[in-house]
């Protein structure tokens, strides 16, 4: 948690000598005070990843100017870079169906400012949580999804997301498979919580699959959504111990606790710009 | 999770030959169908502990008659025994201050029927959560506690608990130390969540203490409240990894996640009659 | 750990009223002192599983007589039952290749009597550990396995296992796939440690597979070997957190620690008769 | 694991603008290829900590020259700095008493080169492990410790450590309290494994203490030894779940597994120069 305003610079580029020196010198020359910095050199892809947090008021310029001045360095190193301002909260659109555990959990974290985000709206294919969501002062949109109206429904979800100027879409146990179009439209911007320790138990009813296989731990996976079901880059996972005495219903109950914890961690890493894509894997600077 | 109605028999007694035989024969003679059974022989205290769940409709009598017929066995073995009916939900009175994480978490579990309890009321020394609680249709009582009015305040808490016919009082991050009188009045019926891995960091500001000591994991402890601060029988605990990069504020944030998980598990064990006292320790039949 | 000698009765049978009563009454009638007892009613398969430890010297008869007298009860309930004596140590034949972590770990546990087993011999397809094993006073057999001699090699392994009067064969990172014949010959008596959290990453190079998929935890699985590769009943599993900074070599290193821990736990459950088969799943009375 | 030879630079200094820029520019100007880099700004003590691994053969000079050229930078920033060469293995002197689990575990890791260390000798107050240690080709010294000879005994331990040119002394369940003199002589160079989750259960018989308190998890702590018993800077900790069915002997058995795992991790962090002291806390760049 950072009470003070800060700029966060993230960058990925082909690895070579001098990257840190160039960036750190630029920051030091502008008297920037570094609060936190993380680096990763991936020997596999020969790419370099970095994330640097700088006290906003230690720099003599604003965000726009920061970006402008940094551009030549980004170009020089062929960086995929990004600079964000902690004063500008990410806008998180939440999609939910009929299970409340992730929704309650996210709203509690938003309410207590533990998650520093805006929630411009909640979208659901059911009407169950309208009252609860609206009580918090958050707009609620009911977009039913049927076998017949999928195309129109996802068009409406897209429209609402755009209208809300959403930065990221969170599927908080949203029990519908998004269309490939929608997935492709927002790469690295749709976050799902899957109720198994992927790649085990892809698809429907993972707790039933886990029960049948007789595993001794179950898990949950927070990942970016891609067109291929449950195969996107993994942001965060965790597991919990079960035993022979646990029924499928017990697995569901234990699972909810890790689902909401893993989703909350994954979302926080995302909104704090801690997640960088490395092909179909992620670099997570925790 | 047991969709079917069941009676739960728990008992503790001095250990000797024939306890299981006597109880199991009684149940079998009445055609009782055992759903789940747990035993523990404590070699230290030489006491025997058991918990048996029986399908309610497999027995030819009701709860009152069950209790009446079991009494001679309880007497014969000097058992401290108890029989409960899953159709009668425990009444859980929640006490809260200004932090919402445990409250939101408990209400989500209550709402989704994951925790099969009644919440007759929420009591708080602040007014912050009145709207949220009342939106759920649960009465909210504001009982301010100051240095001067403690005695009157706890008398009022006691009155409200009695009026609500509470079975158990849950301190869901209630930031006041209950009076010894109140603690003594409800042994094994007041559950607290302490934000450290007891017996480390007793008392105030445990996360600050943990930070200063430089531990690599922090924890939370769900325990029964006794007159001695943070020293009552432990029901459940858990820990989470931290590192040098985490500030006290980060510890608080990580801690919230284990606090609510540990409290929810401990409370469920309690309301499902899975916790038996063994001196200042507990037997928890999970 | 039980310093005192005990008999352990394990049984599985179709569930019905009166099983516990019948068994417990038999034990009580013979003044048997129950040290530990565990039960599981599987609602899925409608089978009942139990495990009871009795002080050996509390019973008025020896193991043979115990078995003889228990037989009518086993027959009455169609039990698959078994009675063992803690004074008779299980004979564990260890198979190993070129990695030492599981071998050192097992020998340390055997040496310190933490694992109360006999190790009549170690078999390896390499000669590397001959000196180490023999220093401990344990016979070492080198049985090379090549693409051509598999049939003869496994015949030799079988012969050595029989000659050693082995109760259980432990594949302690034995890097050869046993023949279907050998697997079928000893159902529930060959224990393998697989270096992934099954059912993820079946087959070869699981750490490479895990690295490529970008998972955030890796695991290990201790299971009974069946003719179908990596698909037998799971006894024990565990996972450990990794991150983007870990190379495949790091995964291998972290993995070793959970492999040996999971194998040691699984083997202990097995030799203490805590594992009962329930189709392709296990009941583990920990 | 780094197959390639590397230099590791660690440094701690008062935090200010320009540290990273200065160091990274120095490395880049010499064409140094950075393999891994970690930073931590401690807002509490206002100190900056860093660790940088550089490919040895990317630099145009050797270790001595590297140190010489870096000295002005260290002086400029008042750094407590250190540069080591991965080709020079740390010399680890192991002290042990009568329990084998940590000793076997360390020797297995040394043997498999998982831990890249030299073990110049093992010292014990008992003779039990002489054969085992010597079989590995490692000298074994028996230094009995009694109430009367403590002073002479620790003088002999010191002499042997010096003679062995030890870099670090590891108390692998060495059941003697070192003299304050010895502790003070090697600050940050004596590593102990304590069998509790410190600061709980300081001193003797921690598993008995844990059993009596009825905790639901037990732990182990790897820490640097200081004159104050069990109060030195913590390097690594972990916990494992227990329950009411576990006796003190079970706690000891579970505990051994975390003791050896935690010690091995802590020692690896130390020998890879990943641990920096921050008062009585540690920065561990994992």
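A, B, C and D are the chain letters, set down in written order, and residue numbers restart from 1 in every chain.
FYI, a contact is a pair of C-beta atoms (placed from the backbone, for glycine too) under 8 Å apart; a residue touches a chain by one contact, two chains touch by 3 or more.
Quick caveat: nothing in here was measured; it's all calculated off a predicted structure.
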Next on the checklist: Between 0 and 180 degrees and rounded to the nearest 5, what angle rotates subunit B's CA atoms onto those of subunit C?
Outcome noted: 180
Checklist entry - Where centres are the averaged C-alpha coordinates, which chain has the largest centre distance to subunit C? => result A
Next on the checklist: Based only on mean CA positions, could you tell me how far subunit A sits from subunit B in angstrom?
Outcome noted: 35
Checklist outcome for this item: Cα centre of subunit A to Cα centre of subunit C, whole Å, reads 41
Next on the checklist: Using the touch definition from the top, which residues of subunit D touch two or more other chains?
Outcome noted: 36, 245, 247
Checklist entry - Of all residues in subunit A, which touch subunit B in the complex? => result 1, 36, 99-101, 104-105, 107-109, 111-112, 114, 131-132, 135, 245, 247, 249-250, 253, 256-257, 261, 264
Next on the checklist: Residue numbers of subunit D touching subunit B in their complex, please.
Outcome noted: 40, 42-43, 197-201, 212-217, 219, 233-239, 243-245, 247, 278, 280-284, 286
Checklist entry - In the complex of these two chains, what residues of subunit D are touching subunit A? => result 17-18, 20-22, 24-25, 27-29, 31-39, 41, 58, 241
